[in-house]
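Structures for review follow.
One chain, chain A, appears in both complexes that follow, with chain B as partner in the first and chain C in the second.
Up next is the complex of A and B:
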């Protein structure tokens, strides 16, 4: 049995996903069908075994969190908080940069990156239309902070969920390894963004006032309650050694029951493309593991690190970051998981943490490497602003380098590798 | 970078943004609705004789149809007040 054809099938999926010839889910489903067919014909895997490669715990966590996030988003809780904060900071551009940056990162820590960015960019562009400010520096900064936000929690991004579950990290454990790094990076990133955009942070000559904010306070409170409930259940599940997916599903059921929203319309808004992609891609990775097609990468990494855990962690951080500059970060995370599992280190926590950081950080280096950057450019253009996509690279590449340098030092200190 | 590469990237940005454009427009509308509009807070007591409809009354604050009717009522009231004020101001001058 030749693993080359399996690797070719994998490469085809990656190519289809990156070229966006089909939706990501369909690309992965085509690849999964192909690899399972190879596996069955070579007698290395049965169809039933291939189905068992679907990571149900990951899917349960993903769908549970998606439901809660959709309900909380509809409740308007984050919209209300964001508008309140922006209203306070409106007259001081530097403060507004910090406030919108922190809002973006903290919102994406709990909501999806897409929902967080759409909210912040919509607010900034509304203010821009009203003549209050030039939204470009604020919007680009928000996109960068959204990409950073969500790195530190198990539910902050889909790659985090995939890595966290396979690493066996509970919600509190995951946060204890990665949240301090994320919070420290907020300071580093905001300082760099301020230094870069300082000359462009000018209020317009026109006075801008935000009057009362019209939202349903009952909805705001309901959203805050549901989010607190999910976080509490995730923490409690971690302490009681119950899977995080159970906490997420329980929160989703409560959210649907209490919200009063039409359940089917909530389901319709979920990101099913990501759900099906994740399911199909875990099958692809399962088949590749079965035919030991990824062993080469693990061996290379092992040799490059020379048996040194600190060096292996730094290599994982760098390679996964560079890969996520070019590929969707979920592909990077899912592909690296079996590689990390194959490495012969007893303590894999630094390696898992390095993978989380690397896979999350590649998102702002190139204009097309991140959905949030593309969304920001698209929204700015819709409102008539002229923005060169490469102007984001001029900020994104040095920022990514700064994140990697900081994270490398953090990993060495946090896990006592020096 | 060649013109063709730039064009391809622009096409990619446009295509990807289109996939979230509806959501973006919805968010923009919600933000615009919440932003920059003056707002008054009224405390309306349950009218006498309606005691048995307490639950329905309490639900009105979240009732979109009721809010739309209320906004229409306010629009009409403002229009009538402006019309009434115009002759009074004319007589005074």
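Up next is the complex of A and C:
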């Protein structure tokens, strides 16, 4: 049985997704249907087995977190906190850069990258209109920080959830490996962004003002409570050795019950494209594993590392980062998971951590790397600000290189590999 | 090269289809001549030249065959031009407002999708019994036809893009 047609099916999904011929979910569903048909006709997998490749634990975690975040967002908690912080930093552009950058990163720890960026960019654009502030340095910095944010927690991004579940990391364990790196990188990144944009951060001379928003403080408090409850349950689940997906689903049920929002309208707002993509792509990877189509990559990695765990970790970091410069990071994460599982190292924690960092970091290197960059450019252009897409690359590529260099050193020290 | 709209598209289709048919008839005529006439000259040789250029029958065959080839190529080109309006409709259906890079990527993706779908469907024709080989030929031929259209569209997009860039560069260089 020749694995070539299976690999072509995988390539088709990547091509359909990258060319945006269809939504991500439909691209993956087409690929899954083809690969399952190949597998059934070749007698290597049955339809029932193919369905069992869907990672239900990952989907439960994903949907649970999405529900809680949607409810908290509707409570106005994120917007209220964002406006509070920005208002404090209005008078000093350098402080505003740091504040919006940190806000972007911290918000994207929980919200999707797109939602976090929309929130911050909307505030920046209203500042630009009201006070003559040039929003471009702030918006580009926010896009970069949003990409960095969410690297350090199990629920920070969908690739993290996929990797964390397969690696068997609990919420606290995941955070203990990766959150220190993320926080340290906040400092490095903000320092580099400040150095790059220093000349453009002059006060406008006009009084910057932000609109007053009408929020129910009870709603904001409720949102904050639900968020704290989910984080507490995730930490407790890690300590009690209960799956993180159970904690996320429990939090979702409580959030829906306490919020008073229409449950169906909350469900309608969830990112079903990502959910179906994840489900279908896990089937694709399952079939590829069954026909041993990914063995070549694992063997190459093994030979390149020559049995050295530090070298293997650095290679995983680099290769996954370069791949995620060109491909959606969820595809990179899901494709590398079986490769790492095949590697003959007893301690795979450095490898899983390297994959998390590499898959998350490729998002700002090129204009095609992530939807966040495209969104930033689009939002600025709609408001009449001219921005060259490659101006983001001029910041993004050196930034990605700095992140990778820092992360390589971090991994070696954190896991005692030197 | 935007596809013509409405009536002009219908006119183009009529004109090019008629021209393609005429070219094919002429090509067939020259091909038949290349089979019939050269044997009449067999044995006549040009002095001092090596084979096959010394043989008058071969030279005549090459001349007639080349003509048949040129007219066939012209007919194929006209058939493809007839398809341009169809590509216009299809590309609007699948989103024509994309850059050439994305359009080429989509054409290649669709072509790959068609090939893989044909491969995936083929084994499921077995229950058709004696009709199975016929069904497989139908699937294969259909896939090949669609793939040819898609690859033609990709080639056309690449050609238009490269030509535009070259013309721009030449215009800049020549002031």
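Note that in this section the second predicted complex is superposed on the first by the 412 of 418 C-alpha atoms of A that agree within 3 Å, B and C clash if a C-alpha of one lies under 4 Å from a C-alpha of the other, contacts with A are read in each partner's own complex, and residues count from 1 in each chain.
We adopt the following convention: a residue touches a chain if its C-beta (ideal position, glycine included) is under 8 Å from a C-beta of that chain, and two chains touch if they have at least 3 such contacts.
Here the structure is a predicted model, which is why all the values come from computation and not from measurement.
In the superposition on chain A, no contact is made by A:90 with either chain B or chain C.
Of the two partner chains placed by superposition, A:162 touches none, neither chain B nor chain C.
When the two structures are aligned on the shared chain, A:79 is found in touch with chain B, with no touch to chain C. Residue contacts after overlaying the shared chain place A:126 against chain B, while chain C stays out of touching range. When the shared chain is aligned, chain B and chain C each come close enough to touch A:20. Contacts of A:11 after superposition on the shared chain: chain C is touched, whereas chain B is not. Of the two partner chains, chain C is the only one that A:34 touches; chain B does not reach it.
When both complexes are overlaid on chain A, the residue A:118 reaches chain B alone and has no touch with chain C. With the contact threshold set out at the top, residues 20 of chain A are in contact with chain B in one structure and with chain C in the other.
Interface residues of chain C, counted against chain A in their complex, comprise 94, 98, 102, 105-106, 108-110, 112-113, 115-117, 119-121, 123-124. On the side of chain A, the complex with chain B involves touching residues 20, 76, 79-80, 83, 114, 118-119, 121-123, 125-127, 130, 209-216, 218-219, 367-368, 371, 374-375, 377-379, 381-382, 389.
Residue ranges of chain B in contact with chain A, taken from their complex: 9-10, 12-18, 20-21, 23-24, 27-28, 30-39, 41, 61-62.
For chain A in complex with chain C, the residues that touch the partner chain are 5, 8-9, 11-12, 15-16, 18-21, 30, 33-34, 37-38, 41.
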